[in-house]
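One chain, chain A, appears in both complexes that follow, with chain B as partner in the first and chain C in the second.
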Partner chain A sequence: MNVGSIPLLRELRWPKFQWRIAALKNGFQDATAYRVEFLLEIAGSAFVPAAIQSVLWYAMFKIGGATTVAGMTYPEMLHYTFMSILFTQIRGGDLDFELSEMVRSGQLSNYLVRPVGVVEFVWIRGIAPKALIAGLCLFIGIGFELYLGVSPFRIVGAMFLALLGNIIHYQISAALAATAFLWEEAYSMLMVKNMLVNFLSGELFPLNMIPERWAWVWKSTPFYLYVYGPTQFALGRWSTAEYFHQLLFAAAWLVVGWLLIRITWGLGIKRYLSLGG
Partner chain B sequence: MSAVIEVKNVSRSFKSVKKEEGMKGAFGLLVKPQIQVHDAVKNVSFALEPGSFTGLIGANGAGKTTLLKMLAGLIPPSEGEARVLGYEPFKRTHDFRRKIALVMGQKAQLWWDLPAIDAFDLIRAIYEIPTATYKERLNELANLLDVSKHLNTQIRRLSLGERMKMELIGAILHWPSVIFLDEPTIGLDVLAAHKLREFLRVFNQREKATIILTSHNMDDIERLCSRVLIMRAGKLIYDGKPAGLTQAGARQLRVRLVQTPSAEELATATQLPASAIEIEEGPEGESSKVIRFSVKQDQIVPLLQALMAKFQIVDMGIEGESLEKVIQNLYEEDKAVL
Partner chain C sequence: MGIAKYAEIYRVQLKNNWVREAVYRTNFLTAVMTDAVWICIEFSLFGVIYANISSLPGWTKPEVYFFLGMFFSSDALFTIFFQRNFWNFSDLVNKGDLDILLTKPVPPLFLALTRWMSLTACFNFLLGLIIMVRYSGPAGFEGGWHWLLVAMWLAIGLSAAVLIRFAFSIWIFWTERSFALSRLYYQFFSFATKPDGMYPRIIRYLILTALPFAFIGSVPARALLHGLPVWQYLEIFAVLGVFFIFNYTCWIIGLKRYQSASS
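Showing the complex of A and B:
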């Protein structure tokens, strides 16, 4: 049997992994070309939400006099904030903007002539620095779990869920970015998507603060799998059964995301104009 | 020998939104956008032999780059059929993409903040080039293009010429059978352009790669291409040897006169169109100007008679028409067509 004739087996051949590993290396080198900028970006993205949330919780609990908010005490809220910041670092970045700009400017042509899938290629290069950050967050998370007295295995499972969230986020973003093939103003749509993600992923506040009658809103999107879900599991607020249940959801979203990319990019590429040059 | 590139009646049109001037135009764009259709390539047909080096020339907007993009599989033709190495380009199979290369002088493929060597390593992995072969090729290409010492320098710190050479190395490290080059010498100085040209000539002769080159630099075309395709307003108007453009009896009569008539006076006296007459400053210390008439061989005697009837000739000579001049004339005709 000729292995090369079966697409899945063909992708599992070692040389097919080689380019992915090389792209990962390349993406990492690119992201860390300016070390200070790289480190400041991480510090900035962690510090700003931490500071905002800390002030907010302080105001509610210490100034406002609340004892619990959405069933959480002041220390629990701070634990949530700290842990959620670790997972916020893993969630996808602005690769969708990069994709839509590539379509708009014609830079996509550079990738289309190479024998690799452009959507996957861009993701691999983008995930490279995130992988390093995930390792660092895992290390910090284990220390925090030990301090809280929670099993450190939870942070491993939570990090895995956060990484699946990263893929789902990219899939949805890439599908939306494909609108740039027919609509030059795709940029604004991506901004709206980002605002929704900020709100519904749980990176700004625990989603159980949203009234129960509106809970269907965040539960019907996969965004809570990026930060809220992993944080809940890492802090021991989700049972293992619940975790596996959510993994199934994540798997379903992955399939949906894969289909979305196939359809949107399959249709979009036919309308590509390869402008410039 | 069977053709490696076959283009049959290929056309390509683009739709775009037309915006009128000012605020009215901006509102019009919001309410009722006006769609206009532009035919970039019109019914083009040709076939290229394996190992050939072909120049694709034409004025800006003539359709050269659009044709290259169709052949590289970036955009589909609106009509007609194109085959490259037996593949339908727009299907963009991985096998097809492994065998072609596209270099666009105005589009950087390498990553700005990384040294070229890092990008080349990724390209090695993408094309599954064995490490020993990769090192051998890289060494050879870097030596030929004289950029060995810049391989570890960030791309953004390189000069335009060095960057272009790196782009070329990155594009052909996988030893493609067909190379599309879109203005590779754009913006390069004489020396860098010469190096790049020399490299392309050697690569084509040694590796028998089929190369299509678009360029506005006639040196590129004259020195490299055994065949020229000329496009005008989307149509293919010439397909043949570069010499064929200049050997059809085209000559330049160069004269210096005692008098200094204007181009209009000369046109009236010789009955030639003003576009066939060029006036340049004469040699240093001489007040007379050099006048060049672009004519056919059999027009020279009557032209001289007409000139002598009205002016006094100081000096004269007959030269072959340069390719550059022929193309310049074609471009001027282009403007009239567009």
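Showing the complex of A and C:
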């Protein structure tokens, strides 16, 4: 007997997945309802940072006359820029701000009475359009890998690392968003975090440009795992052994992130006062 | 309506905003903290660049820091007087908040752009000036009476920021959501955070004409440090003039298109 064809039994088999799939679908529909806006956002978040990075390299190499910077030539810098833009596209958006706003405005109450984890729900809704973009970036990345003569399997591994980095980033952001339980202006913590992430993830420049005496700063955070790390692996600058070493590091951060959310949201919910009917 | 009336209305708005911000005192600390981190990151970015090369085209390290001081001051002025108004600009049309402004015996555009202020950003304005003063000597700024020119260039930078932001916001009369355009504005705004001499000719031309982000900090800093040819002064006023006419025309057409959203 095909169990899946009986609605009640299907419900019993997949209750935990159904709301997640519904959230994914809902998030995708929400993001693409305004198609022009959706496309403008992709264009803006891809081309402008790429143009600014490229301009910086142009100024340093073509106008300034440098031949190598941090051991990288002009074409290598451009390759880095192009590849890093693919990974920055899967960034999770402003989901952390959404969480903090939910706490501040009391919308959180709607979720507390439902059998869903609010932190996970918001992430799934937000990741839906990004999954589409990640697929597109993967496709473009494979083409670029073939052009560079690097194994296209590297881009798959790199995209996986970027997704893990994205989850870790969200976990840390969600833990910070929990400060909204204590503080009206929690959003400022998130703004500061975003600025630091921009700098420490490798979105603005390859992190090996940072002088060695300051390298510990970016190495001690997990943010390089979702732009700099994947880009290095995709361009063949990280060995497979290094990649698996970084995967272990990512796994450790995932556990830390999970604990952070459990603790901060556990404590926050205890303090939460829902007003209104 | 005379200037005195405008000044009186502005004084009342200023007072109201001061009272509001005095109530939310922690907001001051958070605004300062956020901008301080932003300033640190911009400095670190150029620190990293100059750790790898000795100079960027036409700009030494102290000159770039002087430019950053100018840019931060100019941007802080925009934050103080206009930023919140642009954040709320889409609500004017979408939620029908414009109805209230249309019923007042004051030009609605004046109220729409001056109603909200973020006086806490005054600290960042001072921080920008301190950075300028700190690097003025090493950057080769002549000083003396030339400091008076800083005020003029800050006014030009502020005007440019307002006109560009307005040009990105006005489309709310024709689109339902302004989020993407606002985001696009902030993406393009990154062009303002680097000296214009760094850019290739096409982009440089773009940020000096169609998207004049270079007028916010880069051109003023260059003018203060090295002076500008006469034609560039004319160009600045021509570009800002065209933006002003374009924005005002769009506002008038937009108002005709506006349908009250409230009951």
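Here, the second predicted complex is superposed on the first by the 261 of 277 C-alpha atoms of A that agree within 3 Å, B and C clash if a C-alpha of one lies under 4 Å from a C-alpha of the other, contacts with A are read in each partner's own complex, and residues count from 1 in each chain.
Methods note: a residue touches a chain if its C-beta (ideal position, glycine included) is under 8 Å from a C-beta of that chain, and two chains touch if they have at least 3 such contacts.
Just so you know, these numbers come straight off a predicted model, no measurement behind them.
Asks: Touching A:107 in the superposition: chain B (first), chain C (second), both, neither?
Replies: So A:107 only meets chain B here.
Asks: Examine A:51 and indicate which partner it touches, taking first as chain B and second as chain C; both and neither are also allowed.
Replies: second
Asks: Identify the partner contact of A:60: answer first if only chain B is touched, second if only chain C is, both if each is, neither if none is.
Replies: Second partner only, chain C.
Asks: Which partner chains sit in contact with A:70 here, chain B, chain C, both or neither? Use first/second/both/neither.
Replies: second
Asks: Return the chain, chain B or chain C, that is in touch with more residues of chain A.
Replies: Looking at chain B versus chain C, the one contacting more residues of chain A is C.
Asks: Could you give the residue numbers on chain A that contact chain B in one complex and chain C in the other?
Replies: 34
Asks: Which part of chain C faces chain A closely enough to touch in the complex?
Replies: By the definition above, chain C touches chain A via 24, 26-27, 30-31, 33-34, 37-38, 41, 44-45, 48-49, 51-53, 55-57, 175-177, 179-181, 183-184, 187-188, 190-191, 194, 197-200, 203.
Asks: Taking the touch rule as given, give the residues of chain A at its contact with chain C in the complex, in rising order.
Replies: 34, 36-38, 40-41, 43-45, 48-49, 51-52, 55-56, 58-60, 63-64, 66, 69-70, 183-185, 188, 191-192, 195-196, 198-199, 204-205, 209-211
Asks: Name, in rising order, each residue of chain B that touches chain A in their complex.
Replies: Touch residues, chain B against chain A: 14, 65, 69, 72-76, 92, 94-95, 97-98, 100-102, 104-109, 111, 113-114, 118-119, 121-122, 124-128, 154, 182.
Asks: For chain A, which residues are in contact with chain B within the complex?
Replies: Residues 15, 18-19, 21-23, 25-26, 29-30, 33-34, 106-107, 109-110, 112-116, 270, 272-274, 276-277.
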